[in-house]
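Okay, so chain A shows up in both of these, paired with chain B first and chain C after.
Let's turn to the complex of A and B:
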């Protein structure tokens, strides 16, 4: 297996008495497109910023391309692209001037790529940045983060203000990056449907913890909703193995379970003397069920 | 050609595997038919190319698709009475369970058993 691009071990971050990150351990491997999902205030932004060494964890450590995230060399920093949640564009400049400044910091700026994306995404380059719409600003900010062809691209809510067409174009660009087998993308988003298209792995952040991390396919196969129909009334407190939520109503019960194994179905149906239907859940439903 | 629903609870790769399996079984995809490339399908549906590769690889391991060097995947010629690999492996399982049980009773280790299996395979080759 390839070496991880980024490794976080036991990363804990406190803001006063509040635990913003709680013992987070995770890896980013080449070729990964990882979607970071969480409620507002769950700790996504703190997580991304701490992973990149912008803030010092109270405990634990992060390694990026083999270096401590808090003491990265200039060469390693140049391999990272970061899009903060609030863009850091120069308001008085126009897009062309802005990109000229950003590109001057990078010896390997891919002018052809940016020209192509400016045309494809219809980014206005000649108007002052403070006159652009939120979506136009966001497109410009994304371009600023990926023009130097970073090996690790970290994006905090990159698409919230983009229209569906622009979001699709943006996702295609992420695929082009991850296709290159040495590179990886880490992005947080509330737009679950984008995450389902793009991500091979998902991190679910809940109360500062990495509540779930792994392959999106595996998550969808392991969290399911069971519909139990028994011949007689079910007890109110039935115990369904690995249930996150259980609702009993007379002869029927609905339980959302984690770590589902299809081989358990027959035994479970027999135990409740009835029938069992397994409903698979989309990521949005899974996210909601994990937060009940 | 395919209907992929990223928001479904069924992983995208499985949706694709199921559809292609059905289309082949139903004869809509005849032997020799070339499938769209991973990149084409990924672009058309805006889904991660890895998920398409995963589906193709699975169908290849089941003998439904075959890889051609430098060309798209195509539907494999149907071999008579050839069940998918997973199904054939399942059929082997009881026999293997018996062998493993016998090995345990004789206190033969896993390594030795696997080596013996390899030797026996070689001796009976062809």
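Let's turn to the complex of A and C:
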């Protein structure tokens, strides 16, 4: 197995008495496109920025390309592309000037890539940034993060303000990056359909903890909805192993379970003296069920 | 709670410091009322009114403009029913509350033969109005503070002349509240008509025109890009830097010389001494806005500067010292003006004044450097130094006072640097983000 690009161990971050991150441990490997999901205030931004060393954890450690995230060398930092949730563009510059400043930090700035994306995404480079729309600003911020072809791309809500066409173009760009198996992408988004389309792994952040981390397919196989039909009326408090939510109505019950093993189906059907149907869920349904 | 009352209450309770002072003020008044009841202490209630004014009303007057702006700016608030009318009623009620203790104090028969109540209330209204208007424009754009400093100097110079004092005394008492009322009418008219009110802004925005003239492609080194990021100013190539700085100092000196000829009282010895509060305070004001902006923009350096937080800290300190150098260059120009035949100050006094103002700049710089995070330290440190300068350094002052303030400034700067070195090891850029910038020539 390849060495991880990023490793977090037991990362805990407190803001006063509030625990923003609670003993988070995770790895990012080359080839990963990880979608980070979580409700507002779950700790996604804190997680992404702590992983990149913007914030100092109260406990635990993060390494990026083998170096402590709080003391990365110039070479390591040059391999990272980051798009913060709130863009940090200078209002009084135009897009061209902004990209000139960002590119000055990278010897491997890919002008051809940027010129192509500027044309494809229709980014107005000659207008002052404070006169751009929110979406145009976001496109410019994404270009700033992509221009040096980073090996680790961390994007905090990259598509929040993009129109459907721009979102699709952006996702295509992510796919292009994913073709290079030495790179990894870590991005948070509330648009679950985009995340489902682009990501091969998912991190679900809940109350500062990494509630789930792993392959998207494994998540979909793991969290399923069971439709139980018994011969007689079921008690209201039936115990279904690893159930997240259970609803009982007469002799039928619907239970959403985590860590589902297909081998359990027969035993469960026998236990309730009836039949059992297993329904696969989309990522959005899984997310909703996990947060009920 | 009724919307108007909610607005009125917010003027007193918006900031944590205000809430603390409000609590202290209430406790103070409560104790005095008890004291008066128990000991029949004649006049204790006057101390209560004074305490109420110092702890509650005075801070609220200073904060009210920022609160008013902060409440007025959000677009969503414009959709609230009768929002602007309610804001105006709220601020009117607030001003009435500020005046009320004075009305009580001077209408009460126990105070004996005081000045005419209406006169005093008129002056308080005029001063409160001036503070509100001044703070309102300043919170819209920090750079309006220069106008205030200029007005302060002009007022001080004016008041030092007997003729001006005579002119001021000749102004009838009703003219002051009259002027205040006129100012409010203009403000109300503007407020109900303006399309938008700009949010509270803290950091000055570099001139857009300078950026518009800057061609960056192909000329930008990593070092220049780093400077542009941390200062927000267009990068200046090394060869041009000296020319730009010299032109900047020369321009400022020309303005000061012109100003001196326009405003200098006769005889010239009545002009502010170089060791007066004007220059150290002015230097602090000159530097603190940019210094704060630089510190907050440090987040932009993190992924662009090798190594740990020490690397960013060093870059930020260099930027702060470059900012300080610009201030000192201006002081050199001021010193030349004082040494010139225009003012003909004693060289020793000019040297002491230069040291005093330079140390104030150093204090202001390292105060901003140590304020990561926390505006509390910044406000308290700045406020204490400002108070010391105003208290110990008048327009003309003793060498002992100048020495004391200079030493305090230097010691403060060293202490803040030591604190900064500790704080920067764990600086958290999740919280320390670039400040909203402002441009006094755009928007309201």
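Note that in this section the second predicted complex is superposed on the first by the 292 of 292 C-alpha atoms of A that agree within 3 Å, B and C clash if a C-alpha of one lies under 4 Å from a C-alpha of the other, contacts with A are read in each partner's own complex, and residues count from 1 in each chain.
Following the convention adopted for this analysis, a contact is a pair of C-beta atoms (placed from the backbone, for glycine too) under 8 Å apart; a residue touches a chain by one contact, two chains touch by 3 or more.
Here the structure is a predicted model, which is why all the values come from computation and not from measurement.
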Chain B and chain C placed together on chain A: clash or fit? fit
Once aligned on A, the angle formed at the Cα centre of chain A by those of chain B and chain C, in degrees rounded to the nearest 10, is 170
Inquiry  = I'd like to know which partner A:285 touches here: chain B for first, chain C for second, both or neither.
reply    = first
In the overlaid three-chain picture, which partner chain does A:91 touch, first (chain B) or second (chain C), both, or neither?
second
Looking at the overlay, what does A:204 touch: chain B (first), chain C (second), both, or neither? neither
Note to self: With both complexes superposed on chain A, which partner does A:82 reach: first (chain B), second (chain C), both or neither?
What the structure shows: second
Exercise. With the two structures laid over each other on chain A, which partner does A:146 touch: chain B (first), chain C (second), both, or neither?
Worked result: neither
For this session: Using the superposition on chain A described above, determine whether A:104 touches chain B (first), chain C (second), both, or neither.
Result: second
- Task: Could you look at A:255 and tell me whether it touches chain B, chain C, both or neither (first, second, both, neither)?
- Result: neither
* Where does A:47 make contact in the superposed view: on chain B (first), on chain C (second), on both, or on neither? -> neither
Once both structures are superposed, the least CA distance from chain B to chain C in Å comes to 28
The chain B residues in contact with chain A across the complex are 6-14, 42-43, 45-51, 54
As the complex stands, chain C meets chain A at residues 205-208, 211, 214, 216-217, 220-222, 224-226, 228-229, 232, 299-300, 302-309, 426-430, 433-434, 437, 439
Chain A contacts chain B in the complex at 31, 33, 168, 171-172, 175, 178-179, 192-193, 196-200, 216-217, 220-221, 224, 279-286
The answer for chain A against chain C in the complex is residues 45-46, 49-50, 52-56, 70-74, 77, 80, 82, 86, 88, 90-93, 96-97, 100-102, 104-105, 128
